[in-house]
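Across the two complexes that follow, chain A remains constant while its partner is chain B and subsequently chain C.
== the complex of A and B ==
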């Protein structure tokens, strides 16, 4: 446990040093806030930029607060996932390239502690950014649109956190196999996209799929109740993430490729 | 530009402040860095002129860790 805490400490110092602790929260906050802002100013934006014909009178319905929040969730789903994978891709690859992983592994540290400290540090950073960003977006939504109940906001946030968990576990698992950091991001994004594709192609067989998380979170926002399927998705995502983590440790133990 | 006057600056200000923090921290980090992947002046231009993504790109691939 003590060694794990030391490693965790090292990871957090690393996060501060390479600036991730600054840019990731800020970028996510910018992405989050711009959703309610652009929805609010949509008529003006269309006035200035859109070449709408003069004759047609176009009325754009004002979205409800819940719709705006689910729009923000879909932003996190696309740009957010890309950023998450980019932020996590080089945690192992970088240490392999500069050889510091060997220095760590010759000490009495086992693979569980090593990979665990990495996963926990990355997860803490990403969740912190997501929570900050979502709360700010919620505040803006309440200000500009219809207010959204805080319990509904919180439950959709908790739901979405599981997607982040899944993304981190996938990226770190791929990182144990592949050496090059750009390839790590590419393969994990491809894998996540494949899961999304399969989920939309075979909805019947993929009810448990992590790709459903955003849909479930949106459903929570709109229908405001926690359904049975939400538990299925959360359970399967948590299990899959745990399995991926264990598989990552196994790969590191087996091949000893530092 | 009437629309610009209608803009409620209190709403947009946090967005601009966040953007400014990001740009400035990327610039400071870039200038302090001994060596970057690719020429340093290119990164400075990218950070200054490519909104948001310039700074992200710099932090993700621009830094060279020895």
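== the complex of A and C ==
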């Protein structure tokens, strides 16, 4: 346990020193609040762009607060996921490539502690960014649109956190297999996209899929109640993430060289 | 006996890096692992440090029941790489915590080790700005921080400049009073300076093991070269202090004396025989010859 905490402490300090703990929350906050802001100013933006013929009269219905928040969730689903994978891709690959992992593994550290510290630190970073960003987005939404109840916001946030958990576990697992950090991000994103594709192609068989998380979170926003399918998705995502973590540890135990 | 290495083998894709390597490490000894590049030295040391899993064979520390003996060893890789954003002190503290040095002792131990490798002044600087020599010394510091029983150093001096190399060898010499040291090098001179035993590897096989003087002896080297004005025929053969000889020409001969015979006695005998010595040399590179013989075998 002590070694785990030492490693975790090192990971967190590293995140602070290399600035990830600063830029990732900021970027994610910008992505989040751009949703209510662009929705609100859309008529003016269209006016300024001014390419519409005079005769075209368009009326853009003002979205509700819930719709704006679900729009933000969809931004997290695309650009956000890309960022999550990019931020996580080199946590193991880099240490293996430059060899600094040897000075850790030559001490009595086991694979659980090593991978656990990486996963927890990365989760802490991404969840912190997500929470800050989503709360800020919620604040702007309440200012500019119809207010959204905080419990509704919170339940959709909790739901969405599981997507982050899943992305981190996939990326770290891929990171234990592949040494090239860009390839780690590529393979992870491909895998996540494949899950999303299968989920939309075969909805009947993929009710448990982590790809449904965003849909469920949106449902929580709009219909404002936990359904049974939400629990199914949470359960399966948590289980899959745990399995991926265990698989990652197994892969590391099989390493012939670090 | 500290460690028993039995039948260690490692195969890379096509190359057999180490094959059936067996040897013992005596407690308190200082052993050099010699051999040309690609002989399997690094592979052997990495297997000893448990960074590489051998295909077969066993490594057993005497009196240590657990399979994971990592608390007992300190390892300095050939090119140590650190977390460049840390300072030297932070890195050692981090390493010490991973090796479970008790909290009360950790601070003192870190200071003491930094002083030993003369990095005290740089201890609060980022490792990213360190020179190669400083990184090597920090590498040594992290290897001996937790007072391991066996210190494993992979080519500790080959990347250093002449002064750094001398300083580093002095450090190792001091360390060997307290712990068993095993280091690899391809430079015979380094081994000659500080160690009492050598292992010579070639193509992954152990070619020779023992002390350096016995290496010289075993390979029938004739380390003294004598030249006289008169031919020496029939004189050398009579000397009882000579163990072996070889004529280069009638006036020049290479000899090996019996053990415990001082080379002055040879001079004395020659003078007694009324020979005027024009050249008398104790050849320093004879060890190199022996090494080359082993490697070429």
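The criterion applied here is as follows: the second predicted complex is superposed on the first by the 255 of 258 C-alpha atoms of A that agree within 3 Å, B and C clash if a C-alpha of one lies under 4 Å from a C-alpha of the other, contacts with A are read in each partner's own complex, and residues count from 1 in each chain.
In the analysis below, contacts are C-beta pairs under 8 Å (C-beta built on N, C-alpha and C of every residue); 3 or more make two chains touch, one makes a residue touch a chain.
What you see is a predicted model, and the numbers here were worked out from it, not measured in a lab.
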Touching A:10, do we find chain B (first), chain C (second), both, or neither?
-> second
Name the contact category of A:83: first (chain B only), second (chain C only), both, or neither.
-> first
First (chain B), second (chain C), both or neither: which does A:109 touch?
-> second
Return first, second, both or neither, reflecting whether A:144 touches chain B, chain C, both chains, or no partner chain.
-> first
Thinking of the overlay built on chain A, is A:2 touched by chain B (first), by chain C (second), by both, or by neither?
-> second
Touching A:19 in the superposition: chain B (first), chain C (second), both, neither?
-> first
After lining up the shared chain so the two structures overlap, which partner does A:99 touch, if you call chain B first and chain C second: first, second, both or neither?
-> second
In the overlay, answer first, second, both or neither for which of chain B and chain C A:75 touches.
-> neither
Intersected contact list for chain A, partners chain B and chain C 18, 98
So, in the complex, the side of chain C touching chain A is made of residues 46, 49-53, 68, 70-71, 73, 75, 77, 79-83, 85, 94-95, 97-100, 139, 142, 146
Spell out the part of chain A that touches chain C in their complex, as residue ranges.
-> 2-3, 6-7, 10, 14, 17-18, 98-100, 102-109, 255-258
Hey, which residues of chain B end up touching chain A in the complex?
-> 3, 6-7, 11-12, 14-15, 18-19, 21-22, 25-26, 29, 52, 55-56, 59-60, 63, 65-66
In the complex, chain A touches chain B at residues 18-20, 22-23, 26-27, 29-30, 33-34, 37, 40-41, 44, 47-48, 83, 86-87, 94, 98, 136, 140, 143-144
